[in-house]
Amino acid sequence: MAKPDYDGPILEIENLSISFFTRLREIPAVMDFSVAVQPGEAVGLVGESGCGKSTVALGVMQDLGVNGRIVGGSVRFKDQDLSKMSAAELRHIRGNEIAMIYQEPMASLNPAMKVGRQLIEVPMIHEGISEKDAWARALEVVNDVKLPDPDRIMKSYPHQLSGGQQQRIVIAMALMSKPSLLILDEPTTALDVTVEAAVVELVKDLGRKYGTSMLFISHNLGLVLETCDRICVMYSGEAVETGSIKDVFDKMQHPYTQALFRSIPLPGANKNSRPLKAIPGNFPLPHERPNGCNFGPRCDYFQSGQCDAGEIPMAVIEGDDRHLTRCLRYRDIDWNAPVEAMAQHEAGKPGQVVLKMDKLKKYYEVAANALFGGGGAKKVVKANETLSFEARESETLAIVGESGCGKSTFAKVLMGLETATEGQILLDNRNIEDIPIEKRDTQTVADVQMVFQNPFDTLNPSMTVGRQIIRALEVFGIGATDQERRDEMLRLLDLVKLPREFADRMPRQLSGGQKQRVGIARAFAGGARIVVADEPVSALDVSVQAAVTDLLMEIQRKQKTTLLFISHDLSIVRYLSDRVMVMYLGHVVELGTTDQVFSPPYHPYTEALLSAVPIADTSVKKRHIVLEGDVPSAMNPPPGCPFQTRCRWKSEVPNGLCEKEVPPVRDLAPGHQVKCHLSQEMLDRMEPVIKIAAE
Amino acid sequence: MSMFILRRLGVMILTALCLTFVVFFLTNLYPNLEKLAKTQGNFRMTDEEVASYLGRNGYLEPLPVKYGQWMGALPGWTTQAEDGTLRGRCIEPGTPPKDTPRFCGILQGDWGYSTVFKKDVGEIIGEKLALTGRLMFWVMLLMVPSALILGVMAGMREGSRTDRTLSTLAITTTATPEYVSGVLFIAVFASTAVGLKWFKGTATSAMENPTFENFFLPVLTIALYGMGYIARMTRASMAEVMTAQYIRTARLKGVSFPNIVMKHALRNALIAPFTVIMLQFPWLLNGVVIVETLFNYKGFGWTLVQAASNNDIELLLAVSVVSVVVVLVTQLISDIGYVYLNPRISVT
Amino acid sequence: MDALSWGEIILRTLGQFTPVWIAIIATFALSITFKRRLGLYGKLFDSPIGMVGFALVMFWVFTGVFGGAFDLITTHDVLDQSASMKNKGPGTPYTKLMGEVAEGAYPYYLLGGDNLGRDVFSRMVVGAWEVIKIAPFASLFAFMVGITLGLPAGYYGGRLDTFLSFLANLILAFPVILLFYLLVTPEIVLTGIPVYMAAVLFIFPIIFLVLLWNSRFHTQPATRNLYVGVTLVVGLWLYAGIAWNADPLGLVSFPPNLLVVFVAVVFVNSPTVFRIVRGLTMDIKTRDYVAAAQTRGEGPWYIMLWEILPNVRGPLLVDFCLRIGYTTILLGTLGFFGLGLSPESPDWGSTINEGRKLLSLYLHPALPPAFALLSLVLGLNLLADGLREESLRD
């Protein structure tokens, strides 16, 4: 079926309101939402979790489930109202004219169906072409999404592909019928940073090639900057600001947008001299939204009587291209005023060495096949290879790397959940690498504690918050009586800035950020001196991230804690760490102070990693370095240098040395180590990845 | 794969050995032997007579020795009677002792002799298994397709009226054990009191000549109890699959609802119930015992009851071996089948 | 006197259950009033299916308690035979072939008489008591055994798991009826095997509680000693009485033929519970709060009993309801084959078995216990379904 030519706006959403209906009440998820997507245009939809951005996408697809309903407004696609269409008409639009790409590539592919079949289904349904033609088309598209060996891939099941390949297949599936509109719902969140960069690059190229309009949903402002032409910022079910990327990023007209930008660590932010400004308070629950402006209670410019009086319409900013804001006071606010001076801090001075790792190795033996294991061959996974570093008192050491780099294994060995295969861990000059946790004395256990990644998983769901902290106190032998422990627990709640009433709450009554604070309180219960923070903020919303990060920094300053901050997010690492260790497939590829690591000469992997991180700042110019392929499996690492399969500098090293030998550790400057074969000369020629344009 | 099957076979043999040993141990406890002696001899035997009867028939040898003999790993017992005739485990009445083999046990293919039926155990088992096999065949034929259809229909649209009705139906059948449903069916369809008399209340005639009239009630009774369980598993699995993201993907690809169910959901939804169906076998065996007793159908289950209530040791052992092998083989098949149904598990 | 009409039979039967109705109405009124404060139990009253199930279960629980333990509902003694009442239909006036009807005796057999001339109605009511006093406790013991073994199997994995799983599969591979026929016989009771099995199975609750208190309070020895001490004293006293029939005070004992039934049912149920607990443990042990407990140096039993177990209570509760139902079915099976219980016993399985023999002529002796068993098990299954639905919500 031919698609009629049409040159008006591809998608027009006008005053859309969507509600979900539960037994108790109606929950408005999206209110009075309008946006238009022009042909070939990419519109970004940004907001924190729960702001209704995914609901908008499902509303466009008319797939809200049994409980969801459009209660007002219209969604027009090429000038036809989607909500008035019959099921058959909708089926014709879905997949054919509008296609969607989701967050979890593995979950969105049918596990029991070969990839090829899932691909050819699309044109066979919509265009009625033969299986053979569809297959040929699929091959072409799989080629377009730059997957190697399309024939083999088409005949595989989804689980046989890596995460990045799966997401490319999902993209291919969306492009099979050359849709006019592509909706991408957090398409790269589940992927590693370097893989994400490649997928984003691909989406941009293909959008251009196929002339597809895009609705790009993300929580990451940097990613939207890189992919979109226009942006719509959402807060608590409403669009608060829309406009072109340039207008919104540089001349924002809504306090929420401003607060959002001030809470993300852009280059130049620094934990001591230019700290982040967290947004105070919490995201309102849908049924607890305030009168008037939803952002009012958290807004610095809030004026009672004006902002909480009634519905606030979108106001057009004159002179800009379709730039709108949902703020009554945007004319009164001085948008160029400098950030209120935040309390600046004296940089903590690193004290003596408290933790020393010396040539630490951790190998695992795993059965080659989990289900039918036992008889099969055993494989050795080299999770950590000769890890050596020191950490000092009140120092923040960041450990950076993607999945499979061995950072979690390292944490386990340090905590004593696993014992080292070789090498030493010295805590205050005492060897602890061979002492499993149950044999460690209470003081050692209390000294080395951990903050976990997933806030929804870090607290026992069936124990009150207070009880969990008190338990830690009991185990660490703090307080002689129940009353003393209870007092200490309340003091810890104060320390992490949670109200004391929270002691009797159950974890499910807390938000993600609050849970993470409880996790921090629990880790510091025994006066921990070394805290391993395993991606403590990566699962939190941007506005909460800053607050939790600052809390960690503050406690660290007070208690002179050594913080080992595990993360894949280089922006936050640059913001808070003193030294950085970059890991790849169990190897430390680079180690140095933050300045040394973030400026050339780099290790080639660090260089790629830096380039891959999206930065939400229009003044930043980045060199694009896109890595081929995925991170190899730790079960099956390449010979020689672990990074050689993806390294763009490999050809610069003579004699194929990279494929033969693991590079030695070299000192480039005092305290700056790199594990690379590149000659000094080549390293010196490296250019900075990130340049901030002169203002 | 062959490695896996070998390992499983090893576990199977070990399990079968353990289980038969347990059965052997329990049936060879002295009070049980005493009961056996009295039913074989007469009920007024004195303790000495019992002991001498047991001694004469090789029952008083140490347990491991007897077990070894039954297995055929140790030579069979022989005793010399007072009149000089040689009696022995392997000596058939009428054949001279010289010509008999030293070993006669499972390994030699000799299953022993039933003290209740006065026949070779192998023969009884073969005959009874054929009868029960026929019953099970029809049970499966009725139960599996209807359970799957029921489950898929209910799980396809979770929370709908169809779902509620079918789920309640399935719950009711799982709450009705065979001895309740069988009694109800006989009462309603076969009794003179109600007077419908559509079917026969006994299946004895079905042993020679199964007809719809004499065979349907026992088949239905067994099938019904298992059906509810499988249907609920299928429903749960189907309902879960229908909320999976890839079903949403398919829907938003424009696939029609019937095609979503048939092409995308069904295979994924049947992975879990498949295992359940295979594991139903051991449970069905319970149903078989009850129903064969209730309808007086002299198959395997009926034999089990006869053997157990009369402490017919060798018949009981054979019955346990067969049922254990059935259970373990179905487990093996379910594991292998699972691998073929679920592409996520690779075998190599 | 004339026989009662069906309408009268129904009215009089309902009237006999008056204490049960009062108790159910009171339970529901109280529960619904305070349902927001009652946690998961309260939420049950949001689910129609759960409420129906709960009502059915409570009906039989109250019937069992009032009828079996307090003699409130029954109309005649369950063992009393009257030759003139043999196989008489429902509503027949009560007569005796020999002697006079006692003064004040209930004038009718509401649901008729069985083949020995006993009152079917009273036997059905007392049959509920036979189930209520065994099934929940047998399930509870099976849970104690399954939990105490399933937690370490799932948590540690490895050889322990392989061994325990092999044992569990071994028991599961046994056809249940064969096992009953081998275990629940008078000859086996003579050998004392049930006592040894009881000795093994009944020690688990004590182990469970001691581990529970010790892991929780080992940091405060005084509290720990108190809890563990009380558990040991009370537990071992009950243990000596129930398992070994050797209570030094002579207060606690367990009839041997009931013990063998109890042990057999616990034995059959434990491996399934073990497998469920093991699976759930393997799932929960990967959570971060378990890792957090490990990193603060908690012992393995604290993690299993206080971090993992409370978080699998939902599925376990659902399975507990189903398991009581299944145990009821098993008890019926035992009765049906005449195993373990005395031939006079009014339990439902035995009465169904007796009733079926004359089924083609007389329906009334077999049907009431059949429907009773069906409705109790159905109630438990519906209750489980309601609980599952409500615990998945929020």
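Read from first to last, the chains carry the letters A, B and C; within each, the first residue is number 1.
We take it that contacts are C-beta pairs under 8 Å (C-beta built on N, C-alpha and C of every residue); 3 or more make two chains touch, one makes a residue touch a chain.
Quick caveat: nothing in here was measured; it's all calculated off a predicted structure.
Most remote from chain A, judged by the distance between CA-atom centroids, is B. Two chain pairs, A-C and B-C, are weighed by contacting C-beta pairs, with B-C ahead. Measuring from the averaged C-alpha position of chain A to that of chain B gives a distance of 55 Å. Chain geometry summary: the mean Cα position of chain A and that of chain C are 51 Å apart.
Centre-to-centre spacing of chain B and chain C amounts to 26 Å, using the average Cα coordinate of each chain.
Multi-chain contact residues, meaning those touching two or more other chains, do not occur anywhere in chain C.
Looking at the complex, you find that chain B touches chain A at residues 1, 3-4, 7, 159, 244-246, 248-256, 263-264, 267-268, 271, 339, 341-348. Residues of chain C that touch chain B in their complex: 49, 166, 169-170, 172-178, 181-183, 185, 187-188, 190-191, 193, 325, 329, 332-333, 336-337, 349, 352-353, 355-356, 359-363, 366-367, 370, 373-374, 377-378, 380-382, 385. Contacts from chain C toward chain A in the complex involve residues 46, 219-220, 287-289, 291-299, 306-307, 310-311, 313, 394. On chain A, the positions that touch chain B within their shared complex are 61, 63, 66, 91-96, 99-100, 102, 104, 107-113, 121-122, 125-126, 157, 159, 170, 173, 369, 371-372, 374-376. Of all residues in chain B, only 11, 15, 18-19, 22-23, 26-27, 29-32, 34-35, 167-168, 171-172, 174-177, 179-180, 182-184, 186-187, 190-194, 201, 282, 285-286, 289-290, 293-294, 301, 304-305, 308-309, 311, 316, 319-320, 323-324, 327-328 touch chain C in the complex they form.
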